[in-house]
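In what follows, subunit A forms one complex with subunit B and a second complex with subunit C.
This part shows the complex of A and B:
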């Protein structure tokens, strides 16, 4: 990339991070709050840090996307509720919940949303692919499998907790 | 998301992959009223939803909020244009997300990807329905951005 015109990457990042320049003159800047919202958002806490997300009965072997709220502590805003989503499915009586966050650079993956509609998770940012169990497909940018959520099933309800490294992918 | 100074190295490490600039611009009437807040909140929600889904490739620029008066087109367009131009080497794809039809049309003519936001919902900004609508709106923008990459 030529650096003769425009701004260098460091200049650019300084510009953005410090918020200097003509922005203040032109209007007011508003802070951005990181979060996503899902129509299926559900609120409520179970024992510990596990949150009820979905009825087990609606789950099948096909991953489906579910939203829920979770309390986290953010350096900027202190403790706050954040909205998360998970890809959840059942396999051999076990409930599996995968984080949708791509392990390459953090875009959101979708199920069967690649141009070939394969039985895989696809990341549209740089064409990352993952198997159904979250295993990253070699030859695509992600170097690690999708994380999983802690899962508990109580009284027919699926509860999710913290995200942890994927343990269902052998040898990953 | 709100980048922190300590994220600088991470940002630099992502440089070769982040090739799309998303510039949110909210234009509000000159007379201040609560709609200002709703308009800005709407833009923030939609743009942060887009960014969160595509954060490995999209850089969300600081949102710009403009009070509209008779000089609006003469001052705002050159200002945004110079910002976008300054970053055109760094970002091969440049998109503006705005509630102003005039801005969207002007920048579309200049080859910038322009998304015109749907009107700010009537619901309270804190309501679940408002948040749901912001997700729906983001989901309208996301496939179009992805489509630009595959061209």
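This part shows the complex of A and C:
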């Protein structure tokens, strides 16, 4: 009769053993795997604080470089200050702050730091070029425009926040 | 699918006999708890190994967050325990497992001792077992310092103080363990290295020898 059912006694016991063993192993490994994967599943902190960087009156139509300290939270180290810089200028009453990090491989770009290329952000690593509004010049390595900082002007002071993708220009 | 993959490997490397040699061996009736319930005492060695596997796995995962540095060690442990998902469980496994592995190993040793299973021709395996015992104690001692809290610090002070009582070379041993004149930054870095690299490495070798010898010599006969 047992032959009809196609599962031998030995096979049944093997299934039971594999099942119980698998359950034990899963119970052991599941917390460890969640423990390891946790940082990848945690949501990034929304918002971010705005930091006063420079007086609005100082700014002109020409991008100028301004350093500032930004607070980030780093695991058990808690709040850390990191030094950032921005290329800031005014255009039509609007303040624009560009991140100096090249979108090609992350070197630091400078405004007019190559005498041959007027009115361009230039990256010395691989000759990447960007226009004043951060738009990447076609035919140079970068594939995207320079990132911008969140900008807020309060009581004549310019406040900067998180870096976000450039919304002033489309990619070239 | 899995069957086909297995066959593909098996055809080239002939792994089936290997599997048979490792897993497919007869268990004598007198060590099978299904026949004599008192045979559960033969499980202690396997349980010790099982907990050792848990220790290795949970330890590997803990090092993803732990930092062996006197400024950050305590904070990193606090962080992984309270901020990371299942941190309490993973550290709990390592914490409780550390005690349990000693308990199981001790029961295993007592069984071998009172059954006289260490006698000829298994003397060498007893010696290897004793070396494993000391490796485990070393792992417990070095691991205890790593959270860098008060308990860890003073337990290590006491432990190193005891080691320092050895005649003639006590001072040398103290400095060797501390990596300097005080229990401090160098001690923590050194204990971490010993805890995660040196002792586990030695332990793997000894466990391998322990198991190969069991297989070669078989399980000792009934009392």
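Please note the rule applied: the second predicted complex is superposed on the first by the 112 of 172 C-alpha atoms of A that agree within 3 Å, B and C clash if a C-alpha of one lies under 4 Å from a C-alpha of the other, contacts with A are read in each partner's own complex, and residues count from 1 in each chain.
Note that in this section a residue touches a chain if its C-beta (ideal position, glycine included) is under 8 Å from a C-beta of that chain, and two chains touch if they have at least 3 such contacts.
If you're wondering where the values come from, they're calculated on a predicted model, not measured in any experiment.
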First, second, both or neither for A:144, with subunit B first and subunit C second: neither
Contacts of A:80 with subunit B and subunit C, given as first, second, both or neither: neither
Contact breadth on subunit A, by residue count: subunit C or subunit B: B
Partner chain(s) touched by A:49 [first = subunit B, second = subunit C, both, neither]: neither
First, second, both or neither for A:64, with subunit B first and subunit C second: neither
Overlap of the subunit B and subunit C footprints on subunit A, listed as residue numbers: 28-29, 31-32, 34-36, 38-39, 41, 75-76
Complex contact set, residues of subunit A against subunit C: 28-29, 31-32, 34-36, 38-39, 41, 75-77
Subunit C residues within the subunit A interface of the complex: 54, 57-58, 61, 64-65, 67, 72, 75-76, 78-80, 83-87, 89-90, 93
Residues on subunit A engaged by subunit B in the complex (per definition of touch): 1-3, 5-7, 9-10, 12-13, 16-17, 19, 21-23, 26-39, 41, 75-76, 102, 104-108, 115, 123-126
Subunit A-facing residues of subunit B, complex: 1-5, 8, 11-12, 14-15, 17-18, 40, 44-45, 47-49, 51-57, 59-67, 75-76, 79, 83, 85-90, 128, 131-132, 134-136, 138, 146, 149-150
